[in-house]
Amino acid sequence: MNKYSKAKIKSNVSLKEDIYLITLETSSTQQAKPGQFYILRPDVRLDPFLGRPLSVFEREDNVLKFLYRIKGKGTKLLSNLNEGDLIQITGPLGKGYPLPKDEFIVIAGGIGLASVYYLIKSFPKKAHLFYGVRNKEELLFYDLLKEFSKELCVATECGSLGYQGVVTEVFSQKGLQLNLPIYACGPMIMIKEIGRIIEGKEIPCYVAVEERMACGVGACLGCVIPTNQGFKRVCTEGPVFDIKELIL
Amino acid sequence: MNKYSKAKIKSNVSLKEDIYLITLETSSTQQAKPGQFYILRPDVRLDPFLGRPLSVFEREDNVLKFLYRIKGKGTKLLSNLNEGDLIQITGPLGKGYPLPKDEFIVIAGGIGLASVYYLIKSFPKKAHLFYGVRNKEELLFYDLLKEFSKELCVATECGSLGYQGVVTEVFSQKGLQLNLPIYACGPMIMIKEIGRIIEGKEIPCYVAVEERMACGVGACLGCVIPTNQGFKRVCTEGPVFDIKELIL
Amino acid sequence: MKPNLKVKIRDLEFKNPVITASGTFGYGLEYSQFVDLNRLGGIVVKGLSLYPKEGNPPPRIYETPCGMINSIGLQNIGYEVFIKEKLPVLKKFDTNVIVNFFGENLSEYIEIALKLDSTDGIHALEMNVSCPNKNSEWRQMGIDPKLLAQAVKEVRKRISKPLIIKLSPQVTDISLMAKICEEEGADAVSLINTIPAMVIDIKTRRSLIGTLTGGLSGPAIRPVALRAVWEVAKAVNIPVIGMGGITSAEDALQFIIAGATLVAVGTANFINPITTIEVIEGIEKFLVEETIEDIKELIGKLNE
Amino acid sequence: MKPNLKVKIRDLEFKNPVITASGTFGYGLEYSQFVDLNRLGGIVVKGLSLYPKEGNPPPRIYETPCGMINSIGLQNIGYEVFIKEKLPVLKKFDTNVIVNFFGENLSEYIEIALKLDSTDGIHALEMNVSCPNKNSEWRQMGIDPKLLAQAVKEVRKRISKPLIIKLSPQVTDISLMAKICEEEGADAVSLINTIPAMVIDIKTRRSLIGTLTGGLSGPAIRPVALRAVWEVAKAVNIPVIGMGGITSAEDALQFIIAGATLVAVGTANFINPITTIEVIEGIEKFLVEETIEDIKELIGKLNE
């Protein structure tokens, strides 16, 4: 029952501008699967009120890492925490990605990398990674990704590195014909485009989606999204869904 | 109009257990009189909600100091702030002590020292200080107080230093007959006892009192105490009152 | 000293006064990964209706200062699925199971109440007077004294299990509503439900809640809930279940001192899933420190 | 582009829609050490009565999650002292002075309203319908539609300055109360006043407020206030003054989009004395960013 605990911050550093990597030391023995998430709350103060969900970026021994972008006050506050501070964590939560049996395709858009990095690392040299960012400056972990993935295709909107254009273009040119299962995380517009590209095809495609959350454990019914089987809870039926289920 | 500003924390250290001294660097040009106070708010988060009033402990050039005891969550939070953090300060507020013309008596009980220290220091070698603490460990700034006051009488409840007993006993034995104006700050029980001791006597006696505050500027009428002229606002008519006015 | 924490609603005993607030603890089982459910005084499950209900379109929740707004729209799995899938598991725990229920109109209220009354393993019924059907006259039941009286009477006379009425705070005089419930035979009242509220995204100029407005809960409303509980407890002789923003034993004790026989932990479960246990332990500790042998000595003991 | 921030209540123009909430800004002058009062749309002073009023016994305030409870008891210096000592100073500022007033019964309401109406330098009257006299039938004025109608009518027909009615949130349907005010000739309604609330010290088992209960204000109640303003703005055609927990321009803009013509900053003044100015500047900045030339284009423009 140590899915709820206090963890100590080992480091919390800005990688690029508003993107941070936080490393926690946890006594929890809970292991985590790629695609699962935790809910983090900085302290006992009640403003901001709810915890914030973040995907497991890495989980090893007693170390737990999250990669996050500052979006609003919750993540801003998180970025101000220092080494040694304690933070409340609840997790791992959610279903995570169905584990790939062999090679697979990953499509990551921007901070969506946070959700798929652990998957890529857990299956070295199996992932064909299509990674889209706005510009070179936003690109993260280039060397590590190169090392862990079988193939790395970077797309930048401005063309400052790799392919110029959005990542889904590159994927449809170079990834689609591989006919491998797809794992994707990124902005909704990217997910929609993937849905369009693989429409009618038989390729399995798993996407991680986001919704505002309160409980994170399926109790409040606050995080539902419409699917072709009615509303489903992102926190428990997801956050990873078969793209065919989603009403995009 | 710089009575409201953000100040930078230069240091924030525990002197004894739950007693802290916080030193701020302020760009505000507002000078402060002994007995005046500021309202401090650690950051923009809304819990805790109201700022906390603290007496000016020292004010010099661009440096402002407060001495405080951890009582509840507001002061606890304050004690967790670090060097370099910014803090919102409003002040100086309140009327402060009427300035003594010559020698005077100070009676300080425990953390009440925070309110009178600046007075003692501002009039070196003029104060006959009666300073009561529970035990030796609680005694603060012994050397400095010795230096700035004309006479220093310490009373500890357990007798671990100076006189054994409460400070008002020592005062009535050794201070009363000096017939000097009295300045006092400490727990209500001490104030009441002083009131009893000087009852019917012609000695002026100024005491600093506390009440929960919201605005600090006389607008909300939240901090009133009963006086023989009706309710008065601690934040504006006080926090220093002529003891004869108070209904103890 | 081991203080006595037991309290009762009519003949139903609770091992301690701490239960969960409907809709914030799912069907109980969602929290068994954090909390030993056997330790709870009781579990109040998500509002149940005869048939499954889809609930409202997302977005359904939004954070507000020290609280949140929700508009779940009473989504639930319906009576049948509850009985088949949830209740058998819940029965294994040594705690009271209270089913919060509602209908689209009075006859549905009665129908599900009858079913729940005859179902083994359900210890009490909590009637949510917020009828979600916009076209039903019963829509006003929570705020109209006459409709409330009739609804409580009709349900009461047909069921034998303890009946709790869950009151809305959206009235001028909540103690009047509680008195009506008492007169019509309710065994307890629980309060407060959420307060109608709204939050707007100034960029899109849209409500951040799909249904425009939702219900405010959490510590923000605690002072309002506490005042309501105090008013109601003075007005009625049946037990009061107090809730609204309880996050700690200290909060819970405020409600007990104001007159609550039981307290429910709601939104706080979301920000700390073991709140219920912390509240139980904290209450016990407080009683020991204050050398109060029985929690009943504290109920309603506000020094006025 | 310099957007137009001007708004009106009847024929009274406000240079911008930001005013202060009664009781949170004293007589205005308390805040002149922080704020250039000339920049404000208007100043609403502390509730005034014919004669000075001592107010309630302390403790009068307590902090709550994201808010506070107060029970000042309408302490004020009374009409005469206000006219002699405060108004002459207030007159020197280029802003609208609105006097919030109340009486112990209807005839006192009328009497002070008449005096204020004939006093130079007062631009509008805000009638607080919370009558503090426990023995007067008018005690219920804020929650009883009939009494409200009569009170508004009696005051309205005697005064010529713009009349604003300050509504209590302690009703089931606040838009009904607003409609009554409109029908009886009020020029605007302002809302919400504080919500009855309580907080208890569990050690002493006493209320932390001298009068047991008080009124909750601050960001905690903002979502409730916003919902109320939205409901009222849809129901009436007179301007609505929105308030309740506004701390920033973003908060204020939510009220404007919900339908408020003006917004009042209340409790936020206590935690940041320059809130009013930040709100004015923030609104102007938002209008520029969104290329909205006139604030009136935003009022009530919620996309439903």
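Going in written order, the chains are labelled A, B, C and D, and every chain counts its residues from 1.
Keep this in mind: contacts are C-beta pairs under 8 Å (C-beta built on N, C-alpha and C of every residue); 3 or more make two chains touch, one makes a residue touch a chain.
No experiment lies behind these values; they were computed from the predicted model shown.
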{"item": "A-D or B-D, whichever has more C-beta pairs in contact", "value": "B-D"}
{"item": "Most remote chain, CA-based centroid, reference being subunit C", "value": "B"}
{"item": "Gap in Å, rounded to a whole number, between the CA centres of subunit C and subunit B", "value": "47"}
{"item": "Whole-Å separation of chain centres (CA-atom averages), subunit B against subunit D", "value": "36"}
{"item": "Separation of subunit A from subunit B, taking each centre as the mean of its C-alpha atoms, in whole Å", "value": "53"}
{"item": "Multi-partner residues of subunit B (at least 2 other chains)", "value": "46-48"}
{"item": "Touching two or more other chains - residues of subunit D", "value": "64-67, 218-219"}
{"item": "Arrangement of touching chains [line / ring / star / complete / other]", "value": "complete"}
{"item": "Footprint of subunit B on subunit A - complex, ascending", "value": "45-48, 77, 82"}
{"item": "List of subunit C residues in touch with subunit D within their complex", "value": "64-67, 69, 143, 170-172, 195-200, 202, 204-207, 212-213, 216, 218-224, 226-227, 230, 245, 250, 253-254, 257-258, 286, 301-304"}
{"item": "Subunit A partner contacts - residues on subunit C that touch it in the complex", "value": "23-26, 30-31, 33-36, 46, 54-55, 57-68, 70, 72, 75, 218-219, 247, 267, 269-274"}
{"item": "Complex contact set, residues of subunit C against subunit B", "value": "65-66"}
{"item": "Subunit C contact footprint on subunit B (complex, rising order)", "value": "46-47"}
